[in-house]
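What follows is a set of structures for review.
Look for subunit A in each of the two complexes below; its partner is subunit B in the first and subunit C in the second.
Right after this comes the complex of A and B.
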């Protein structure tokens, strides 16, 4: 945790507005979980708690081990070592059909030969104690929950992508699982529908109040849906935190570069004083003034200074400030409608990104080959250990 | 607009192809209604060969025997093929899977004569060593046919099983079904078209086989192809034509029915999707 020397304790509960329902009580405890496939290490000594009622996202590129971890939670893979505890009971070796967890699969994995109703009823029928009328009642309840009453008799191949997803969600929720697992929940949908379904799925999950672990490679999806995100890379967790935490206070370079875009400079500390530090980077014209309380004494001089593109400003005139700006040439401009991304070449040849919000319809803006000045506020950047 | 000439190359090639495939069968069907005893001379319409066919005890027993053997062989081959396919699909290492697949499907490329001969030698050796089979006959044909039908069935079923999304079966287990329930209620219905196709293929192959059956058959167990084959050597009677016509009729009806069923299903899907859009 001390990796981030200029870390602010961000307010978790107000940051997302979604955290109110999740308590700090751990529903699931994962301890030292490791999985080898032959020689290859897929999951490397992971320990983490899933809190009751939260939506927890495992975010990582393909091959990061996130899917293996999810499959171990579901019971499709047995861990090589380590344990999973549900209510302090070890369930590591319990097979998938005995776990009170249900999963929504990436391709939904609906039963193609059964209609919507029968798909949802399938899980309930496995429970011998449930009577037929009770099953029918529960199926209707689930159909209502996902607004699919009209399609009860349809087969999966007669449904659209969004409708299939609703059925898959209803099927996974029908048995009142203690934990809902989502594997790339929006993976099979197109971009427009994805945004709508993200909010709809979160809405349903919150209404039911089920704890949820999801796996995704799409950071936007993780940030929209989850209360907490774990960034995974090469089998272990790089950082766990709220979406605001991982975006605004990444603990290391990997996390910073994985979430969103970021400009990173190697910089040396030249002054370390009460309330602020001053760094020098050979790539930047002026020194960097970071005005945040430094919690831990720093013994090393070589650090990384990182700043997000949207936290920089561009101007055509030279700033009067002593610190925090540099000169550059506009290399490329990407006009994206809502905002523009400027690629600015610094004197050392390094290209950095700056984002300008297009708040005016036709303003005069820097263009190709213009000399510009990139500047930022003293609290906009972060200092990390290399 | 340009019209394709009536005698274009494509048209002619098409009709020649059709003629090549169906003319022999057409001739056979026509001559089954021939009055004359001589197959090559038309002397008037008659159905008397059909009547004679049903009175020919020997031929009818052979038909019945062949149907029985085909039914049992196809059924047992398909059951074994399902197990074999599951194993093939579950094997994770590519190399082992390759070896196993090749081992199972080798009879596909093996000449029938060799399969027949080796089966015969095996049965003879077994009779000497363990006293079973006491006598070659229907049972030995059934065993031999199961062996080579198994190869074909495994190819058909495993290709469908490999195509199937594994997560569908996992979903069933995730929802609380045991491995057995998941297989019976989810996997089996999904591979059913392939299972039926494999069964029909095996049934046909078994019904069709002369070579292997001739090797492993025994006294009093003449199958239809052997019967036909040997009777042709004595000279073809139009009875055989009548029998062949009936077989063609049955096959056409089955093909037509399966086409009709799949068309009706596709239409239903199309209608449902249409109402969706509006």
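Right after this comes the complex of A and C.
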């Protein structure tokens, strides 16, 4: 079933402008890449392609191996086994200073004794064939690109966080890298600035047209900036897909729980027909009707039914439908302005989350200890193998 | 009731006392002795106890104050003293350079060594200075003398026919000075280098710089404060060094510390010795000010 939906979702996302600039041509091929630190396995047999022109995010919690993978791409770590191919040329053992990749570091790593101009020029000066006027011209071009012309003579410690990030980005882009690496690009910024810079950085990257691999632990950041996301856990990739894919069609429980909030129920298959299946969960009052065919293993009846909080509805009256609702008591309400999160206690004691958009001012809504009915549409949930 | 804030304003705050402590220390142990020396430098030598004329005399209800500038005139006229100053500064400068050349790689290697090994390496640098300075300089006499270990070994191996003259030369003084003062350079430099952000080195490599290029464009400029701090800790005391030139140097080694000692103890000319000391302090004020400048920059980082 999940493959089914994944296709449907990616069809949708290619129609949007975000994906259009990336081709399917692989710029970088990672094959069976593995990294051990002593006994500890950091990256476990990863194979994936980075397409030319895309922004690819490695998303995972700390210790998931995403940073190690990025450092191997940059050339700061040598793989224990496996290969990295750039245009079908093996670069796995090429030292960092010979790779046509540039990185924007989490701490920006601007050289504190050089001004903005000199920081940006540093990479260009390593190229002996470049003349001084050519370097100066390129530096100016970069300053203009990131809107930092006025600050060319400032030292890094005289700049704000956002300005430092722009300089770091300009420095990383100055050499026309074939691949731009971003390590937790917004990690050092406060929340408000983060949202602004995410869009600004994507805008600059797209204008330059460089292929980009970024590492982040912030799912919002990955969803905002990337065309494709790889979700990493314990050294390997759980799922690769567009932001819509990973959110709407997670392949397993780990991915579903990592991205956003989700309510998950253990459920048994009652009927499995072409075009729909019916599940039964002991926690829910009514059976679950999923209006899609799902390829299920014949001998296994136990599945997981998952539904996102914003895809549920709350009502004070009992729905008339035969399927897809359950009774509960409002345990807690978090009013967040734009929407409210309801924590509803079901009869087994399980708490589920429901999100209600606050589209009306001061409407009458369910409150603490109210008996409510949670219902959902037949295409709102997902069925996963446990 | 309204008197209290007024009194509070008059009484120094806690901050005043904390700031005044180091000044009190400097006043008591630096300024006061310096004033004494300055006073002696303006007097004349005399066969008495103490062996100089008093500055103030009370004769027939008249307070006489005698300021004798003859000692300074004497120092400027006799090329021996100017030569001694010049030699001291030159030797201190060359020794500092040698210390930097030897000490920088040491400090760098320790700062880049695995974290758990660093204390051990630092201990090895410091360990010799836990024994008496004098004994260590004497040990060098034993090593460098004509009949010493080095010459005996060289002759035993048949590398030289006659013993090399090392003791009582400037060479021996350099060896002694560099050996004795190396830890003073290594420590501040290590303290600077160990604080460097290693991602800067990764950034430089990422931008295409080789390791050598990275060292000269990133590490070296960023360690300049540590270098200056360490260099001053060598340069300043070496200018006035007495023990090492006395024990290891020869007749060619005329350093101000040695001359001062001779004036003080052999000639018992305290006023001239004091004038020598005053001029030395004045000369050293420049590097001391430099040292302070870089030290405070280093601390504020």
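One rule holds in what follows: the second predicted complex is superposed on the first by the 366 of 386 C-alpha atoms of A that agree within 3 Å, B and C clash if a C-alpha of one lies under 4 Å from a C-alpha of the other, contacts with A are read in each partner's own complex, and residues count from 1 in each chain.
In this section, a residue touches a chain if its C-beta (ideal position, glycine included) is under 8 Å from a C-beta of that chain, and two chains touch if they have at least 3 such contacts.
For clarity, every value in this text was computed on a predicted model and none was experimentally measured.
When the two complexes are overlaid on subunit A, subunit B and subunit C occupy overlapping space and clash.
In the overlay built on the shared chain, the residue A:105 is in contact with subunit B and with subunit C. In the superposition on chain A, contact of A:76 is made with both subunit B and subunit C. Of the two partner chains placed by the overlay, only subunit B lies in contact with A:154; subunit C stays clear of it.
Shared contact residues on subunit A (touching subunit B in one structure, subunit C in the other): 74-76, 95-97, 101-103, 105, 107, 109-113, 122-123, 126-127, 171, 175. Residues 74-76, 95-98, 101-103, 105, 107, 109-113, 122-123, 126-127, 171, 175 of subunit A are the ones touching subunit C in the complex. The touching residues of subunit B, when paired with subunit A in their complex, are 165, 167-168, 170-178, 181, 185-186, 189-190, 269, 272-273, 276. Touching subunit B in their complex are the following residues of subunit A: 74-76, 95-97, 101-103, 105-107, 109-113, 122-123, 126-127, 154-155, 157-158, 160, 171, 175.
Interface of subunit C with subunit A (complex): residues 197, 199-200, 202-210, 213, 217-218, 221-222.
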